[in-house]
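Chain nomenclature is as follows: A, B, C and D, assigned in order of appearance, with residue numbering initiated at 1 for each chain independently.
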């Protein structure tokens, strides 16, 4: 927790995944309706600044989702989209899948935070399949979320385990959606997707711009200098 | 009530409207989900034979509708599609308009009983507009009902007040739906709509076939004789 | 803290612009948000497109909004009702445009608009004048009509109870169009006879979820069209 | 008198034919009607097309139905889950066909099937491999995919409480696909932990209305996939 709250570890350059989550959380306004993808994006809920209330949507049919109970506790039929037991907050409501995806597709959610295999400079996202021949294809609600939610944040390591860029000129994996990503939060930087391509918002502490650019498969525009007051 | 239960009045040949309603009610099986059109069709509910339970749907959002309360009684927000106050029966449920018309359009209702301006030999129905220039067009749920409900019964006088046939070769008024009517119950006869056109099911007491045919704008087939036991 | 309450109906409708599209809940008087409509009359926006099932009766509520000359167009399934004279008179005088839509298609178009469904094929109205000029297509040999989703700038609805997050329960057949309309507008405003803290309502029974609601106004004793009409009321 | 109760799960599924299409409720184990699925395994129908969000875990419920070789095709959004091996093995062996559908599109297609909507245009999956071969069309400059309604011969779902008319309440996130599936089958079968007389449930809170339900089976203590799997169970 102390490593997370400093946003760094000693052994790795840039943000830890907790550090990324903390950075994402800062950008979510009070009162937002948010869907956090299964896995790493779920960490964001731990770092919401004091005084802000977010309402969490889980696409299997709950608005007002609360934290997971202790292991072995909870209700096996009160779960999130990752099929993990959760709790509910005051003001929660249950509903069916048609209603749940009406919320998503109809543009009612303010934000979705998702993982990625690849993000392209034009905002294309690939996060559901590597297209491998022996893979069991499974998509869940990912395509609905990127098609419908107002803003899509991606949380990801900047490169794969093998060191290949995940921010690329064009996705080579099967797409989840076209032109859907708003902003990428990696361990190295926060980068917007703009009509002109990737654009730097912020570097992780101690990370240089060139270091990020070298690990990115497409040009990154430098931030527009702030002028005047 | 005694005139109704004999199905006749002294002054008019054929069934009274109560008599028609009673005749319709005989043909509705126990457990049917039924939508009764505004006005005369509502009479049917009074004549359901003992031992049968029908569940009434009103398209403004109630399944399990019960009779109207005494004048001045009841809840102004517990109404039927005719905007009259009603009651609810055990097992009733309220729902929104999308759900209500999912019931209708999705073929979940067994039967709708509607009034008519004209019914054609091919099952076309006109019952929402005379097409008059100064009329305020208003359709409500009529087109949804005829498009979606499994069987559509029409309750009508056999001819207009001016004596013109309401059962015709082709409707001249704007259609509510094409090929939608299952059966017509008039003051003079019960007539099926078949692939070959109108076909007599039953004459009202004291009414001759030729009398009905003369007042009908298309040929009526005689019933198929019942053979053997 | 999330608290969608606003102090008054007046405040709730303050930003309705001229030319806005406004969905208004209700089937007959059941569910008609009269206090919000009256606030909209006071507010003065004109050239409105109103999406509603009916056009009101007497000289109050929806009929009063029409009578005040604020409505350019009505999208509606049943614009004449016993006791409705305002719309018929305006319509005959050519002072209001009407888009007539079958009731179930109206409900489904609003639902589609709120659910991100651009358009859908329905069998309703196929072969009738209400399909004139519309694209049709056969599915399994049966003709269907292409209908488009509807959206609005504002939705005005009446609930029985709302909480501070905007979750809403309705009263009997007053529910009708409100749940779909709540989903289909940029700004959804609910007047509720009772307003409670989030956490009070049973999460299994919430009908309209707070995500669809922007503003909650407490109107403790909402007026009914029939009662106002019996009393000979007119608005303003 | 209307009474939709049947004596047992076995009786409820007795008429499922070979080659039937069966919708099965549940998201993961939440809402999975295990007793009805097991009764279907006992019953023996084969060549089934199953429409469900997942494909089960371990060797019970949906996974057991697949393992018994009864399923020809699965229409599904997420056929692999931690702990699911039966479907992946069958799929890799080419012994089961898969139609992969985004979760929201699956829900909407089932709703459309039940609501008499032949097809609809959705933005979901536009530009992805899941739109390959499908008709697309731009609305307001945005590409949409034409998707068709889904219907089934049977639906199997799990409720918390049902009444004798077939009105159903669900338990928390066990609701998921059940309300839509209930509307989209020729025969809808509900297993419910509690069965009550019509008139017991609050008409304002009914989630699935009796008109959509054909058979109600009382299963007082339904099994959970996770508990069966922890106990090392397999079916039959």
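FYI, a residue touches a chain if its C-beta (ideal position, glycine included) is under 8 Å from a C-beta of that chain, and two chains touch if they have at least 3 such contacts.
Because the structure is a prediction, the values reported are computed rather than measured.
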item	value
Third chains touching both chain C and chain A	D
Higher-contact pair (C-beta pairs counted), B-D versus B-C	B-C
Cα-centroid distance, chain C relative to chain D, in whole angstrom	34
Separation of mean Cα positions, chain D and chain A [Å, integer]	30
Sequence positions of chain B contacting 2 or more other chains	62, 94-95, 98, 101, 104-105, 147-148
For chain C, residues contacting two or more additional chains	108, 111, 115-117, 122-123, 170, 172, 203-204, 207
Chain-level touch network, classified as line, ring, star, complete or other	other
Contact pairs between chains, per stated definition	A-C, A-D, B-C, B-D, C-D
Residue numbers on chain D that touch chain C, as the complex places them	108, 112, 115-123, 139-140, 142, 144, 148, 169-170, 172, 202-205, 207
For the chain C and chain A complex, residues of the former touching the latter	1-2, 111, 113-117, 163-165, 167, 183-184, 197-199, 201, 203-204, 206, 209-212
In the complex with chain D, residue positions of chain B that touch it	30-31, 33, 53, 55, 57, 62-64, 88-95, 98-99, 101-109, 147-148
Contact footprint of chain C on chain B as seen in their complex	58-62, 75-79, 83, 94-98, 100-101, 104-105, 129, 134, 136-144, 147-148, 174-178
Contact set on chain C toward chain B in their complex	27-31, 53, 77-82, 87-88, 91-92, 98, 100-108, 110-111, 122-130, 170-180, 207, 224, 226-227
